[in-house]
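The following pair of complexes shares a single chain, subunit A, combined with subunit B in the former and subunit C in the latter.
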Partner chain A sequence: MNYIRFIQDNIPLILEYTKAHFSLVLWAVLISLVLWVPVGVLITRSEKWANRVLGIANTIFCIPSLSLFAVMVTIPFLGLGRRSALVALVLYAMMPLVRNVYQGVKVVDKSVIEAARGMGMNYWRILWEIQLPLATPVIFAGFRITVVMTTGIAAIATYIGERNLGRLISEGLTRFNIEMIVDGALLIAFIAIALDTMLGALEKKIVPRGLRVHRGH
Partner chain B sequence: MIELREVTKVYKGQTVPAVDRLSLKIPEGETCVFVGPSGCGKSTTLRMINRMIEPTSGTILINNKDIRESDPDRLRMGIGYVIQQIGLLPHRTVAENIAIVPRLYGWPKEKIRKRVDELLELIGLDPETTRDKYPSQLSGGQMQRVGVARAMAVDPPIMLMDEPFGAVDPIARNYLQDEFLRLQREMRKTICFVTHDINEAIKMGDRIAIFNKGRLVQYGTPHEILTRPANEFVSDFIGYDRVVKKLGLYRVADLAGPAGCVAREGELPEIGRLMREKESDVAFLVDAHGRPCGFLTTEDIGGMGDEISPQSLMQKALGRRGAFAQREMVLRDALSLMLEYDTEYLGVLNGGDLAGVITLSAIRKHSCRKEGE
Partner chain C sequence: MNWMRFQDALFHRAPAALAVHILMVLISVVVAVVISVPLGVVLTRPRFRRYGFIVLNVLNMMQTIPGLAIVALAMPLLGLGLKPTIVALVVQGLLPIARNTIAGLYGVNADVKEAALGMGMPAKKILYEVELPLAMPIILAGIRTSAVYVVSVGTLAAYIGGGGLGDLILTGLNMFWSEFLIVGAGLGAVLAIALDRALAYLEYRITPPGMSSE
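Then we have the complex of A and B:
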């Protein structure tokens, strides 16, 4: 019951943290989409570049988040706070997004592309009307991972000055306040699960109908 | 008209050309079949015609215009293209798939809708039930037909077909071939058709181009190729049964003679006399409705035919109930039917009616005569 009391007693603070958390996640995901989806599409044109870019993405993904945040802080332009947090989160999102966009576009049936090209569709039309729609299930899977992952890692940005739900955990640790730690963890987990569920529902609407129907339906 | 002049294609990183100094003319309104073993360059040649592959050297002309002068996408919009894997867009309905090229041309919606329905009728699919289906809801044969309809959407004068019926089962393939021949008789499009199946080439082609190792080995009508194979490769490729294959080029109607003697069951006792009167070697038995149900030959009635009971004659005649061929049947199948029924005669049918008779000796003379040409 102490857990609930803690929340009741600190509603304004928790709301502030939640808001900050959401805005960080939202910006990070938006920037990631704008940046990494085109990169994922672009590298489908060259095997060599695909290997390079995916290699970089994998390497970044292997860096522990705490140290990546710390490294960002040392860069003069970034410093403590939101900029560093955003850059680090966007870099983390590179792996799931670029990889899934690349694979989604790559696995589209070659004969479909061949037929489309043979009918006179140009590169952009094929990309926009065929490859991207057919890649939506895979791209969306990457997008969901990105959102959930960013929600989690965003908490760690509290150590470089972000005032978000991660702060409940870090402060709870220094003060050894169990209610604070557990509530912070539960709230973050709850947000992640809620976002994933919402995206799951959205995915059903976005995946083209023809990919879902089968013979006899 | 499509003309290839000294066309060569060497793929990157290879020294042996995939297509080697190929020259070929395909007259307007004809079907030209490229045939040969795999890796012989037939598909490469086809794909160079719509610039899916650019030749290393040489010139390709369509209606005397160098295809390099046209924008590749524009060029392809004007050429129907069908591939073995069909490549229907899985996220688009049948109607949307057929509408792709009309949409590229910017046709108004109403015109596209009409054309889609017209094409679905043409290929034998019901527009009402098929139009809004997705490709995954169709059978293989239906998909292939939609693929052909899609290629014909803007009625292009030229069609390129790369093993279009290669992925469907033999029965559906035969049916699709017949349907396509029927359509082509009306459309008279200029068609390049790739296959590795010599039988399909003989059936579909006005002309056949036989490829081997990137070179054109022989180019001619099916008849020329079967009668005078240019070299050992061609005759091996055709097979030992080339005379029989040639029979696939002609139809029963080409050799049918008049039926001569037709009798009803009651006339069986006098059948010998009737046949002698009509100077006919074969007598057809018709039922009460005038439909043919069998036949007898002079051998059956043993010279006079008077000493054999009408019942056993009846039995014999009815035993050949199946020994009839439609006028459109190819001679090869008629010959097979004769062997099956162990007879030298087949009744010729026009629908349900008796239209004449075809004999083994006529087929034999026909193939000998052609052989000696």
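Then we have the complex of A and C:
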């Protein structure tokens, strides 16, 4: 089996690419969380802003990933490499994260909030102790989508100079090395499915029984 | 910024690339609809209902496979060119439509179906005149997701010789010509956003009053 031999022969290289891949994904997801969760919470206070921000997020999400990477490269401050990749990935994460945080916080039962207010809780305590905990399942669903999506799109960042698992595909295509292409593609597919399954199991664990939600489309 | 190069990209290269891109997206989405809507309908009929859940899970899993991986896998199996590209795009486009067809048909109120049955409608008529029209907004939402996705993955097609707007981006990245990058990427973005808006409008028009989604 050539495919297996290719992996055996190139374990150090593949490990290096995997490491680079996950460090990019990790940073992108961390920055996205820090940036977009507060935005999602903030826009629950104004319908007008919610519509605007979600509209922008939807529009960005439509842009083909290769296009967004390509546009980032032309911005002088970003250029080729990790900075462009990070900005593009964080922009993509806006849609699932902001939308899910917004929806999660928004759908918290009004009477629960009223009860909290009646007990004398102020806005921040209601947010921290009532709204965010109750929104956790929806927010986690958004987090899961973000992680899986970012892992997939990160592979495309290889074309703007990231040395990650996408490199196996891009180099395989230029060298016409079928083993390299197939192994790279299968590896990326496998990682995406594994991550999704793991996060799905985690989602079931952390969500209280009465609060199970369906994953949005 | 090199103005000559910008003109070359926009007026000489872009029209053909855009035409190929639109063609490839149209064919892929149409084929995906033709395959996945009937599939969704069959899987929600009582006889095959128990497979519906399994197929939905499999589709959900396949959905997580990144576009680049599917495009890359199409090459060794089918070779280079537009044909493998379209196959890859169809595979990508299938999932959201099938999933939404199944979800939409499951979501039709059982009382409505019973009422139709009570009025003496045969199963076929219930499907065409009650279930499908009521599920249509959700099916269209699936087609919209799928179309945007296919435009996006379509830009990757250039790497397996499928042409389209990805060609401009590829040239731009290889030669480091930002003019080509801007034209290719810009048109790709405009195409995706325009398709999304157009289908959103259609979705809004087709939703019966009184059951607007969300």
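As a working rule, the second predicted complex is superposed on the first by the 204 of 217 C-alpha atoms of A that agree within 3 Å, B and C clash if a C-alpha of one lies under 4 Å from a C-alpha of the other, contacts with A are read in each partner's own complex, and residues count from 1 in each chain.
Everything that follows uses one rule, which is that a residue touches a chain if its C-beta (ideal position, glycine included) is under 8 Å from a C-beta of that chain, and two chains touch if they have at least 3 such contacts.
All values derive from a computational prediction rather than experimental measurement.
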Which of subunit B and subunit C A:199 touches, first, second, both or neither: neither
Contacts of A:189 with subunit B and subunit C, given as first, second, both or neither: second
Greater subunit A contact set [subunit C / subunit B]: C
First, second, both or neither for A:33, with subunit B first and subunit C second: neither
Which of subunit B and subunit C A:130 touches, first, second, both or neither: first
Set intersection of subunit A contacts, subunit C complex versus subunit B complex: 217
Complex interface listing, subunit C residues touching subunit A: 61, 64-70, 72-73, 75-76, 96, 99-100, 103, 141-142, 145, 148, 151-156, 159-160, 165-166, 169, 172-173, 178, 181-182, 184-186, 188-189, 192-193, 196
Subunit C partner contacts - residues on subunit A that touch it in the complex: 58-59, 61-68, 70-71, 73-74, 148, 151-153, 155-156, 159-160, 166, 169-170, 172-173, 178, 181-182, 184-186, 188-189, 192-193, 195-197, 217
Touching residues on subunit A, where the partner in the complex is subunit B: 109, 111-122, 129-130, 133-134, 208-211, 213-217
Touch list for subunit B against partner subunit A, complex: 50, 52, 73-78, 81, 83, 85-93, 100-101, 104, 134-138, 147, 150-151, 160
